[in-house]
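Quick heads-up: structures coming right below.
Presented sequentially are two complexes of chain A, the first with chain B as partner and the second with chain C.
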Partner chain A sequence: MEAIQARHNLADMTYINPLPVRIWHWVNALGFVLLVLTGAQIRYTDIFGVLTFESAVKLHNWVGFAVIANYFVWLGYYIFSDRITNYHPVLDARKFATNFFQQAQYYSYGIFKGEHSPHQVQPYDKFNPMQRLAYQLIMLTAAPINFVTGLMMWDTQRFANWIAAVGGIRVVDTIHVAIFILFVFFIFVHAYMGALGRTPITHYREMFTGYEEH
Partner chain B sequence: MLTKSETGSPRKPKQGVAIRTSDILAMCTALSILLLSIPTTSIAAAPTGDAMCIACHSMKMNKALEDGDQLSLHISSTDFTESVHGKFGCASCHSAIAKGPHPKPAAISNKRDYSVAANDSCKNCHKGMVRSYQKSIHASLVAEGNQKAPLCTDCHSAHSIQAKETLATVTGQPCKGCHEEIFTAYSQSVHGTARENGNVIRASHIQAPICSDCHSAHDISAVAASEKLKSACIDCHPEAKAAHQKWLPNSELHLTAIACPACHSPMAERRVDLQLYNNVKQSPVAQSDDIEFQKRLQDLDVAGDGLDPMELWNLVRQTNQDGEAVNITLQGRVEVSKGIDSHRLANKGAAVRDCQSCHQNGANAFNSVTVSIAKPDGRKQRYVANSDVLSSAVSVESVSNFYAMGGTRIKLLDGLLILAIFAGVAVPIGHIVLGKILKKIR
Partner chain C sequence: MNIKPQVLVIDDDAVVGRSFDRVLTKKGYEVSTALTGEEGLERMETNAYDVVFTDIQMPGMNGIEVAEHIKSKCPWTPVVVITGYGTEEHEAKASVLGVKGFVRKPLTPEIIESITLKAMEKQAEAPEAANEVVERAAEEVAVEPELNPSTLRKAGTVAKNIVLFLASPFIALGYVIALPALGFYMIAKLSWQALRTKTAAS
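Coming up: the complex of A and B.
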């Protein structure tokens, strides 16, 4: 930290990601990657042979539970801290749409012209509109849906009524896999966009130190 | 009421009962000698009528049947008197005789019809057994007119009926008489060899099962009504559920969706049967009119090459439109393709335990699919479906209750995954290329 601060003026550093958020993020990242890999192993045993089906299922289940528990770290932190404003700093749809468009314009054009991002990262408003939408879709819909569908498939007997309510085990699996496919796409794009900082590792470093480098 | 074995060698009939004059003289002589030689006290103690019956029926005589066949009227007095029915006498079954003199010979169309009619006499004493039998697949086949389906006498014989213990032997009689190949498979199975090699498996003296232990003796269900057979397995192997729970995830689901022999007969060919199931009544959809179901399937299967995913979806949709509000889906189950394989049960060490034998694309079990409906007697009426009904996106609704991860994965999702990976790689590359192009333009 001192080394980083030594390279930059303190005025250029803003503490954006507190420790619980950083722990959650990296546990979640590792968990998602493992779930994607073991999920692919379960689904494509005929193509990949790194793990047996049985081992892949066991690992997938354990990692799944870890990711679910970790989810509540994230949820609890944001519910019980004032940093929830990062997700809803302004509840104004029109303004949000305008900002979203500006941000998309920046990523598709302005960034290459050396323009600054239209969104200024601040401790209580750290996400740009595109991040805000993507992360909420994932954390409030896609991830919980996959947690629940994963639980149903983990113990079909215990959750038999839930499975019936959803429409059957094939429906449950189809939803689970469709969201898995979405996560595969997200991981690629998220990893790439993380490299769009001042240098390719700036944002990655920030997720370890917590400090945003301007 | 004679079994096939007791019908003697054919003789040329004249008319009605084909008895020669010499036979009549011989019978009269024999009867006279018999009556004179039996002390009066013996006549009082023994069933007099039986002696009279046997006096004639111990001789070789045939009755000409309307179909040109011959019915042997010969009864072995030893076999009958030594049978469990010996003490009850002839008239206990042939009640018409007890009413008076020997009934006038009536015309009999053929052996089978005579045996079917005579079958009723068993219920005079064995009401419960006959009631059970009447619910059986054997009785259903008889009612259908199946000429080979067994009547009481086909298993128990007509006149040399033995105690039931004699049937529960390793010889396989009487089942083997009709199901010889299946019995041979059983004899080589873990059950058959255990039974032959001393029988006692555990300290509690549980014996390895013979046919009737799993199928029951009289109310033999159609094998497709597999819950009963599964119960038979669990009855002798109560620890099986707990044993599976130790290593098999979702063991209850596996035990429901997979017939025991599908894993415990490791060399068996497997298939998936999709049975129409009423979720409101929580029971298989019963088909009272076989022809209607068959016709509907034939109408749907335009190409006649088995149901494809859309045709299967239409079947479920149409079935749901029948009658009252219902919720009919297809209940999938992995089972062995040939009944004989159900009897080739191996030692549990040889049972299929490798998950990948089902949970991977192209697994043997998912290459063959049938759609079925339960007939009133429990048998299934089946129709072939294409194996892609298990991997089509169209089947998400129609086959919503059957899914094996990896084994029956939906191909459309595979395509979407490839697209997602392609897009995931294309977005960064496209963005980098876009940046370079814009820099050049600037």
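Coming up: the complex of A and C.
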């Protein structure tokens, strides 16, 4: 029975997300939700009244540092792993554009007709072209920018020179909030896309087990 | 002559062969697969392999018999037994045959890659290694060193990976700017072609 199960596992599953990635993902998910909630509380005090402004700021800061530390877990893992290829750019622009539009066609039409995704998930190429582009920008641009702007607002005295260099605290705040709105949008899209597996919970289960189910 | 390291995977479950192929081909190996022990041994008569993986339980010839045949004909070739059924008896017999190791299912890409590297490293260290293999390794270094996975690792793959990683957001921004324009161009082109076809038909 065990042997049959082992054979079944190998036949139907591909190991896509190793343990460090899964730990990072779920810590990050929890951190992002808390940051969004506390951020909304800080920004819109007149609308939300769950926490006091001071408590919300304190919690937002602590969670922010945890998410930054967690980001370095992700960064360190990928930099020293062969799986870094998942975040590499596709240098053949024609090929990338073709695959990108094929994927867009799938998401806008084919998926509703029950077609298969044109991209096959593989350990060293797990993202489809649209995901690849999105994650490159989110993980390597948007997230670091929000960490830095968050740090600037955490201690405006310490980072006074940086704040002045980018045009003042209003600019820093606007960038931070704009990316916060982007992340809120991302969380909803991400959760929705996560439900588009073979069953609504397949992709969620995969993010716990690490195995992509075919 | 093929200069990539040659790997043979013998397993009656075709998915196993495909898993090895998917992982190792990207790493610069050439993977051949066989569904039975007999087919695997036939392949070995026409091609020299740097490492052979064999399932232990297959219809017809089992993995231990395959290892026996390989060790009698090409004793220098490292054989790794894939098993979900590992028994002490099997492992003891295989060890006597000089099997290089066991790998248990389910296999992850990391396991596949590391066991292959380990088997090949042992092979390179073995004094009785066949001249052919040594010559081929030498040719790999002389002709296209970047095709040797271990050389790849040691010769700056990490640096290249990091540079590409850091460059990716900038290239992604370029795509973000270019793709909408390209999308409109493609829609316009398709529309124009459809219009011309319709005009020609009428």
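The rule is simple: the second predicted complex is superposed on the first by the 203 of 214 C-alpha atoms of A that agree within 3 Å, B and C clash if a C-alpha of one lies under 4 Å from a C-alpha of the other, contacts with A are read in each partner's own complex, and residues count from 1 in each chain.
The criterion applied here is as follows: a residue touches a chain if its C-beta (ideal position, glycine included) is under 8 Å from a C-beta of that chain, and two chains touch if they have at least 3 such contacts.
Bear in mind the structure is a predicted one, so any value in this text is a computation, not a measurement.
Novice: Go through the superposed model and pick first if A:117 touches only chain B, second if only chain C, both, or neither.
Specialist: Touch status of A:117: no partner.
Novice: Return first, second, both or neither, reflecting whether A:174 touches chain B, chain C, both chains, or no partner chain.
Specialist: A:174 contacts chain B only, not chain C.
Novice: On the A-aligned overlay, A:100 touches which partner chain: chain B = first, chain C = second, or both, or neither?
Specialist: second
Novice: Who does A:184 touch here: chain B (first), chain C (second), both, or neither?
Specialist: It touches chain B, and chain C stays clear.
Novice: Per the contact definition in the header, classify A:155: touching chain B only (first), chain C only (second), both, or neither.
Specialist: So A:155 only meets chain B here.
Novice: Could you tell me if A:44 is touching chain B, chain C, both of them or neither one (first, second, both, neither)?
Specialist: first
Novice: For chain B, which residues count as touching chain A in their complex?
Specialist: Checking each residue of chain B against chain A gives 249-250, 252-253, 279, 329, 355-356, 359-362, 395-397, 399-403, 405-406, 409-410, 413, 416-417, 420-421, 423-425, 427-428, 431, 434-435, 438-439, 442.
Novice: Could you pull out which chain A residues touch chain B in their complex?
Specialist: Within the complex, chain A contacts chain B at residues 42-46, 52-54, 57, 61, 107-109, 111-113, 153-157, 164, 167-171, 173-174, 177-178, 180-182, 184-185, 187-189, 192.
Novice: Would you pull the chain C residues touching chain A in the complex into a rising list?
Specialist: Checking each residue of chain C against chain A gives 13, 15-16, 19, 22-23, 26, 57, 84-85, 104-110, 113, 158, 161-162, 164-169, 171-173, 175-176, 178-179, 182-183, 186.
Novice: Using the touch definition from the top, list the residues of chain A that touch chain C in their complex.
Specialist: Chain A reaches chain C through residues 2-3, 6-7, 9-11, 13-15, 18, 78-80, 82, 84-85, 87-89, 91, 93, 96-97, 100-101, 122-124, 133, 136-137, 140-141.
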